[in-house]
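Here is the structure we will look at, set down as structure tokens.
In order of appearance the chains are A, B, C, D and E, and numbering begins at 1 in each one.
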């Protein structure tokens, strides 16, 4: 009603905070991308769109861009499909104990700091000679794989790791989503003559829409921003830059090459990509029903 | 550490360095000695993990308040920091002393507009020495190679393969630093050069092609090692593999010795040795870059006291003691040639011999430099270029656009 | 009848086996990490094929705990994480409530702005944020990791979703009972969105406990550092003390794992409604 | 404890939706007013304006002579029972009832006393420690009432408080609310769209449609003398039957049928001679008994039964008289079934007539 | 299209809850059977066993003579309407109805034809393209029916399909379902706990309590001759009044009152002379009219009115005769109000008597 005072008391500090800590830095970042910026210098030259022009000619940027897109799209797809299947399998158990046991196991990797798991995987699982992965392969009579040394394998390895590390959230979200679908629909479908797969295809998948939209959105956003495994697990940018992604390229450009203006330009591109993809995803996943 | 009594009018200097047990101890000992002489100064140390150190230094320099008074600075960073005014210039007397009495590669990158912005502690030598696994060489009855031909033969002989995978690598020079420094040094030892007067690069020369082909051949034709040192994938670095008994020879700095002794519990002189790496061409000449140095924060209000600490370091007996404690190759000619030094670090002998032949690699960001050379090397070795010509032409292009933007 | 039950059991059992197999894949890295943390670095390096430690040793743990200010870092991490979690919970709840239950101009736009901040990659704001923190004199203080986090878009979104579920009548009832805005928030809304608060608590706790990039940039002194940075503490320039790294990893993971296992029921209950509606 | 006056009250939503138009009503102390009307007619809106939960767009609201338009709801001293009960789910029954009193800083023992009293009246003493979730629908309903009672508020508002209950419970709660009102005698406004509730509970009824008041009066007035066709059709279940026809020669003619009107009725309809009107008759005024037939020999018709629903002692029959669909409620003793054709009689004294254009009751107006 | 036979069917949940006990019932083709009973009595469970959604713990279920116990529900050819409708929210009305047919690979134009037909019957043709969310409760209800109709299933099951609708709509849908059944004539089982629905819709009623069948019969049978006190109290609204007393000297005595029983009644009660019994009388069998009083002069009592509810043409009065609470439903013409004491008469021919221990009807048994 007329009680706008409370709204103001709550929202004004919040938006001031947002302006200071989020919006200003974005604007500053945008500004920096037009400068030949080095914060140690007191005067930084305005160079217009040069940084962005440089992007167009930068092979490494292109590689990083392609790698990022490949990484995000493949990982997110596998992540979603796999977590959906796992959730469905978990939900087939009636016992709550069994369910929460499995949910917990799948969530464990999410509990650990990504850096820590990256160290564990990079130093003791993926190495060709000393790694657990190859030891297991060898024990099964398969030959070793050069997980993070072979340019064609690097991304695959990182994807495997990322899925391991991140799938737990989605498994839990999907099991919860599945629990939320009223049982009636399955019974109605059963009487309509649907078999197990048909129920999954025609009832579960579409009715999970809302969860699905939410999960894909969050997963997309977080995967675009992943950094730790790329910086910790692989040597430099990986063989032939096969592990170079935008986030690590930004970090490298800013803190190793110390070319902050250029780094800002790249991060602006990343921002726009994320914004664009999430908007498309939101449109595509519009859900026009509810139970 | 001495108690930092707030009430006393002691000047407290903060010192940042990267973590290394031996080094950190040596710094603290130096500081204790210094404090004994200068009772008005106290030095507080902060040591950071190596892989955080660079960004720490950088961000702290951005900050007006935070940061240290004295930094342990990788010489190469001077190129980025010195021009911005973030570092304080070294005083004139010390500058003169350095310019006269220190090896040129150690301070080349600390120079900016005729001023020095750091005090070089060590000569970072990436060419000239290698570690060898005595047990492997003995088993194969291979003697320590004395010239390039012998090196190539020894490498081939030492190599053992099981199908596609290595049992023993003969000569593993493929790592982030060695490829670049072998390549540049091979050019120089043939009497060639790779950088022009104006700072641009030309690797595509007679000498360059020969050297590049030679290096690639060792991987592709001779198969004495593979590219994993650059591409990653193996848990251990090349020299660690040598300690682990799967590699015979690895060109690396003498700092590797302590790790062999400590982590792998091997005996120097028995299990492994440090020997000269033969030159490729006729001329004894190689490229070298900086090493660790000490620098003073440009914003520090205590830069005078800080500078005194640097001067203290510069005294020969202190430097000698420090270099030995850290197993560093001295930056100071005087210290390096001091017989006392070789007595204390006998394994440094093959290096000390050739220090005069070292030349400053050039005033540019060596990380990018190495990155591009390694990139092209990997690509060429895996058949990514039609000819060595193409590869080096591309390398020139890449370097010229990346470094001279 | 008997047959049917049997078939169902077989199906269920094979699903169990399948899940168990995948579960093994999920916990194997942990086990491997723990096993390695009980070896010496030499053993990890020289005898990689040893599954169980040849010489069981606690050296790595002792090293981590004595050679580094591990407990100080633990305290720092705990302080920052707990402060952040509490503040974020409060701010998210009250802002979520306002967005859900009050009408005001530009509400949709403002909410969209809040949501959009979720999509800003950390890298975009990393450098300017750093400069800002420094200007504010927060560099190298816990404040650098605390102040910028107060407004958490995800938290606000989550709390709004939950507040949407609170019937308007309950709020109106409270008004007629004589409650003002603050009273309604604390006495009615907050208790009613407990599950959201629970889920959000674990989310934020994990986020800040595990945060690596921000402490890396914002903190300079060793005594101010947080646990995730501890890992690189044992990675020296060339030598990596693998055993110590594994031990440190294990030590960092153990507290969160315990927290999670204890609260997982609430967490799952809360998360169950996350963004579902 | 309070009289309420609503003067020319209007409510617009978003400038376009005119939810309530020129609402005028004076409620006397201790009255039990029921607002009734179809969905969306503005009942809740009016109630919520009185409670202060919705702004009044124009007009004035007085409680005990004081203008209340701008007073926030928390200061109006009004208690309200919602359709969904709106019990605080995280508080025990006791705390639910105590909440408002605590906020008013009522002494602890006073709170306790009032709650115990109310609990006794409502027979929920045993559940005081339970959470709302652990109660059945009827019990929750009682707690909601209790929460309102303890406040000793001047005015009691109830917005469809029974519509979430099942039929049986609804009947029971209905009489409990009536008894409660007789006990505590608070001025009460009760909103429903269920006309049974409206009829049984109200001292006065306010019948609304599309934001307009249609009629105000006691249930009997409204039932016996609906002011217009809407009210006539709305009140009574099954609804009144309507047949369109013409008044001619003292008769009402529809299709091929026609019957003579009683004298008084006919007299009142003089203005409509030769004109089209809508006749209305309640299902319970249609009889199958021979005895009634004899009383009104003129108004007998053949009734073709389509559906017959037995309701214990009476039967509702759906069917038609000469293509006009009608519903009749007749004694169950007569065994009738679908397909039968029976003779029925209209109680000619109970007929209603409405203007076809305005829908206004013709008899009523001239009365 | 099918007859269903349930033989000794039992259902245990978790070994402890005996939800349905020894259920025996034969349903003939085209019957409209209604299961009725209080909440938790096992109605849904029984229905779900027939549908195959719940396993049968013991006993046999035959449809058209074929044992169905182990057949999965998708093969049973049964259509069901759920209380929640369970319309697939992501499909249009058309697709909702088409889903089952598509799964059976019915040709496209056949599907189309059937849906159009059903939509016409149910008057939902205009909504075929909408999503369930865009429909009102009644429309959703019709779609749910439509989805069941198009399947042409042998058996139709409905589990409280009307309980989510408001009272008015419920009445309307009730008669629509009756008409629908008359049209399509599918064997139907309908579950409700609303006795009005039960009475008006069933060809036969099955009254359950605690998993046991209490009585099976047509609505009239059950209403007029309840087999036991539970059925008597459950069927009829307001519920039958019960008074405990003793049969002595051809009279029924309770408290200080007593009245003479009609001859036939008394004769049937010979076994109970001098014993305690419970007498039952329906509210509508209590009269205030003088004319009835004269018919049964012996059974006149003073009735003290506590609450009186006007329901249009009749009034429900709550009150007591000598401390025995009773409800009566009387003609509205008599203006009665709370506090009055009036004279009422029991229709002595409509009395019921129940054994106080077993609750069985005494008259019924001896009939």
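Here is the rule we use: a contact is a pair of C-beta atoms (placed from the backbone, for glycine too) under 8 Å apart; a residue touches a chain by one contact, two chains touch by 3 or more.
No experiment lies behind these values; they were computed from the predicted model shown.
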item: Steps in the shortest chain-to-chain touch route ending at chain D and beginning at chain B; value: 2
item: Chain whose average C-alpha position is farthest from chain E's own; value: B
item: Inter-chain pair with the most contacting C-beta pairs; value: A-C
item: Inter-centroid spacing, chain C versus chain A (mean Cα positions, whole Å); value: 15
item: For chain C paired with chain E, centre-to-centre distance based on mean C-alpha positions, whole Å; value: 56
item: Separation of mean Cα positions, chain E and chain B [Å, integer]; value: 94
item: Between chain B and chain A, distance of the C-alpha-averaged centres to the nearest whole Å; value: 38
item: Per-residue multi-chain contacts in chain B, two or more chains; value: 55, 62, 235-236
item: Shared-contact residues (touching 2 or more other chains) in chain A; value: 3, 39, 123-124, 127, 129-131, 290
item: Numbers and ranges of chain E residues touching at least 2 other chains; value: none
item: Complex interface listing, chain E residues touching chain A; value: 51-53, 72-76, 78-80, 82, 84, 86, 88-90, 99-100, 103-104, 131-133, 147, 151
item: Of chain A, residues touching chain B in the complex; value: 38-42, 123-124, 126-131, 144, 146-151, 234-236, 238-241, 255-258
item: Chain A residues within the chain E interface of the complex; value: 182, 184-185, 187-195, 198, 202-203, 206-207, 209, 288-291
item: Residues of chain C touching chain D in the complex; value: 167, 169-170, 172-180, 183, 187-188, 191-192, 194
item: Chain B residues touching chain C - in the complex, by the definition given at the top; value: 18-21, 46-52, 55-56, 59-60, 62-67, 235-237, 240, 243-245, 255-256, 259, 263-265
